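When the chains are written out, they are named A, B, C, D and E in that same order, and each has its own residue count from 1.
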Amino acid sequence: MTDALFLALSTLAIWSGWRVFRVDSMVRASFQLMVSFIAVGLIAVLLAAPYIGIATIFMMAVEMMVMALFMVMFMMNPAGLNPMVMVHQHRFSIAAGIIAFAGLTAAVLLSDLPVQRVPEGVDVVRNLGHELLGPSMLIFETAGVTLLATMIGAVVLSAHSGRYGASDTGSLPPGLTPGGEPAGRKPENGGHHHHGGH
Amino acid sequence: MAMNWLSALARGAEIPVFAVVGAQGLAPVEGLRHRPGLRLVDSPRHARVLLVAGAVDGAHKTALERLHAQIPTPRGTVWWQAAPLFARGQGVAGDDPLPAIRAAAGADDPDQRPDVPPHPWQGMGPHGQGGRGMMGGNPYGRPMAMTADDIRDGLALDVYNARFGPFLPMLPPGLVLDLTLQGDVIVSVSVVSPPFEQGMQGDAPDLCAARMLRLMGIAPRAARARGALLALPKGSGTRRRLAAWLRGQTVTERPSPLPEALPGLEWAEAVLWLASFLPSHLRAACMPRQAA
Amino acid sequence: MTGIAMPLILVLLAIAFAVAMQRIGARTDATWPQRAPFLGGGLPETHAWQRFHVRYYPMTLLFIAFEMEMMFMYPWAVVYVETGPVALAEMGMFLGILSVGILYGWREGVFRWQ
Amino acid sequence: MIAATLILLLALPPLVWVAAMFDRIGAGRGTVVMGPLQNGAALVLRPNTETEAPDRLNRLLAPGWYLALALVGLSVVPLAEDVVASEISTGLVLWGACEALTVVVVFLHGWSPNAPLPLIGAYRYVAIALPAMLLSMFVLIGAALPAQSLSVVEVVEAQREIWNVIRQPLGLPLFMALGLAITLRGPFDYADGAELAGGTSAEESGPALALWHFARAAMLVAFSAMAATAFLGGYLGPVLPGPAWLLLKTLAVMAATVAAGRFFVRMPPARMLTFLWVVLLPLSFASLALVGVEVLP
Amino acid sequence: MTLVSVLIVAAALIGIGLYGALSQQSFVMLMMGLELMLNGAILAMMGFWSFSLGGAPEGQLLAIIVMAVMAVEMAVGFALVVAVYRKRQADMTESLTTMKH
């Protein structure tokens, strides 16, 4: 039973991981990645980590939702209405991927891995909680500060109007060719956006 | 067997009706809302019968035909106190369209528009489906949206240009707007044709309040409606006007011209703003040049 | 460990039911006018799929950072009673730190439509 | 485990029917009892509509995923002592995952027809449903504190002395906000509202639409059962057998949720977003802190 | 299900992720590749934790930290994408390198 589930879930994880880079629609790509994460989360449950496994699913559902929003926002042809290939150094990347896989597999097969299973009946979530509030308390609080820094950094970088006015005043878009005409937005519009709405 | 059983069950169902509101049609359609045996729906996709209530002028014939085509087949049409613009369905002159709607629920009108894609596209591009490059061509009959400047946050992302109306249920009936949207924010507006004349009945405070509250998701009952004011920003015009209607007063404020007022508003705000004026005032605001 | 088998079976059942149901309806080849998006009789110039201008993107970034705290909170909840007031203080501090981020975001207007 | 699943599968359609009846009560129409069945049958017999260039697969599957999430969410609810369909020690987290995936499914439902009104509905829904989810996580963690476990079974057992709704009076209303959001109802219905002519389902018809409504009602059932379990003691109660109590409480929560959805008004989305983060989120912190202080010995 | 099989699945995910991260031109797609690699890393970590570490709580903590890193990477990454797009209208990794004016 466990083996069959593991086989099905790992096939799903790898297949949808591969599809991420093969589909035209950015929404599909993000949610394929989400499916891959869900499969890995369920495998983690099989590996006796019921908390980490399920929590992965719920964290990744949210993160991939946000991922999809940004993918659609910034990618050309986000729905893949025209078929497209947007890759560079393709051969090299395939080779690197295969070498990474082969190398890791060889390392796994060749090395002598220690065996010590999770004991039956251990409440792993409780252990994790004690770890968090005990020995790893500092890590936990540091994570808090890191997340705060992330929040502030993300807001500073992404919000348009800070205290000092629009963040893009005076900037120029790059040329489509080196030294060419600025692409898209014309420079004379660059600093004169109308900040309506509020 | 199961199919017969389903059909027998379906015979007692309410008929889903998409109401196209023409001139003087607002109040009669409002009266249909609580009639048993039919249900007014917001989208033609959910409907079985197209009900044209009140006169629709010939300029909107194509729009009406498009709407007619969007009702899944089989479909029926009823013209209620309206001159038929095309030869489908039957007309009703009296006060009660229900028998005609029942009859139309058994009808099957053929399409009124020719079956051609909006733009030719098949076999135009290298993949046989209309696109050259990533953004070019007309894949599936339409071009893709292109970037343009935004008025709010300076991210030049895609704009969506479209003609909205005349029969969108959340806009005043008859109003046709050419809108440019970035996301759900309106960037620019031009008025193509003004809302239909609704007469004195259309300006009744309770009817206006009911329309606005329906857009905010509740049925108009006094006790609930009081709380509805809290949902709108304090001091905003929409809140002031809704409050006046709920007190049973007539709103005297007149809207500023739409191309100045709407840009920068988010979709829900814009819809509520439009619904917060008397239909007659809104009509007047949309047609100063024609009057002059 | 195999507690996930039942949810997976339920998912498969629901999907099978949904797909079977959608095969019931009468099938007609929709005409082009019938397939056009509903705009009340109006027509769009372009496809609706676009680089959609999300108006709340700073909020989503704030959200994914803030939401991480859930990962820490569930195990915390399990051992809370055993650990006692220290746990309350630690989580209070953690949430306090993150709340600063929310307050900052609020002041910068990330909860408004950009 | 299998028996519990079968009971759930058998009980769901009647409960969905009841949910649909609740929706019709007081709506000013006749035939409260048979109406949903008749309308449903009529809808199933209508054709599905195509749109110009839809994402066919996702359009086909979105209602199914929604229904699947409702079923999985329901399956963590214990029906009686030791009778639960999904025996998983982190049921509360699994429910949270179902909430999060619901946002994804509703987004996909609005995205896949390639039409403007569904698209706007989908994007607005994501903005509101993500923070609404945070509220539910905090109040559910508040329910897990006295149980000292993430298992829904333990959460019920911890309420033998006193129900969580008394320990945490703010918990149920805040959880209901999430319930309204994931069942696309009332003030949190930014996906399917009237101002978008049906929003994400504006382009759906026939069986696809019927199924979407079915899944929505199934999600309401799942949410109500979860709320009854986490805050009202689930199957606990005197005289009557456990499942009967669970059923009664579920129906009560369902009625309250439907009523709340009709009572409150939908705000413009930006205003709701600020309200969620600045008013409701601190309230959920306070609610959690309250339980925290109470359960300390 | 053995440790070796779990690790091989993880290696496959890391390999695909590496391919994606190296081959994709767009910055957001590159992030997808990175996420997939982290996905493999989480799987490998949970495999080790379950089979070799006897369920030591540090293993789970590490998985949480990896997920936190992912969230941070995403938040900052997307914020950068927005900032760069606003200034330069570019979302390609290649065009970033040509911007020296």
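Convention: contacts are C-beta pairs under 8 Å (C-beta built on N, C-alpha and C of every residue); 3 or more make two chains touch, one makes a residue touch a chain.
The structure displayed is predicted, hence computed values, not measured ones.
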Any chain that touches subunit B and subunit A: C, D, E
A-D or B-D, whichever has more C-beta pairs in contact: B-D
Chain nearest the global centroid, as defined over all protein CA atoms shown: C
Chain centre separation (subunit D, subunit E; CA means) in Å: 32
Subunit C-subunit E separation of Cα centroids, rounded to whole Å: 20
Distance between the centres, which are taken as Cα means, of subunit C and subunit B, whole angstrom: 29
Mean-CA-position distance for subunit E and subunit B (Å): 46
Numbers and ranges of subunit D residues touching at least 2 other chains: 44-49, 52-53, 88-90, 93-94, 96, 111, 114, 116, 123, 130, 150, 197, 202-203, 206, 269-270
Per-residue multi-chain contacts in subunit E, two or more chains: 64, 67-68, 71-72, 74-75, 78-79, 82, 85-86, 89
In subunit B, residues with contacts to at least two other chains: 43, 45, 70, 72-73, 118, 139-142, 144, 147, 150, 152-157, 160, 162, 168-169, 183-185, 266
Pairwise chain contacts under the document criterion: A-B, A-C, A-D, A-E, B-C, B-D, B-E, C-D, C-E
Touching residues on subunit B, where the partner in the complex is subunit E: 147, 154-156
Contact footprint of subunit B on subunit D as seen in their complex: 27-31, 34-35, 37-39, 41-42, 44-49, 52-53, 116, 120, 123-124, 186-187, 189, 193-198, 202-206, 209, 262-271
Residue ranges of subunit A in contact with subunit E within the complex: 2-3, 6, 10, 13-14, 17-18, 20-21, 26, 29-30, 33, 36-37, 40, 43-44, 46-49, 51-53, 55-56, 59, 63, 66-67, 70-71, 74-75, 86-90, 92-94, 96-98, 100-101, 104-105, 108-109, 113-119, 122, 124, 127-128, 130-132, 136, 139, 143, 146-147, 150-151, 153-158, 160, 167-168, 171-174, 178, 183-185
Of subunit B, residues touching subunit A in the complex: 125, 127, 129-131, 133-137, 139-140, 144, 147, 149-157, 185, 263-265
Complex contact set, residues of subunit A against subunit D: 25, 27-28, 31, 34, 45, 50-51, 54-55, 57-58, 61-62, 64-65, 68-69, 79, 81, 125
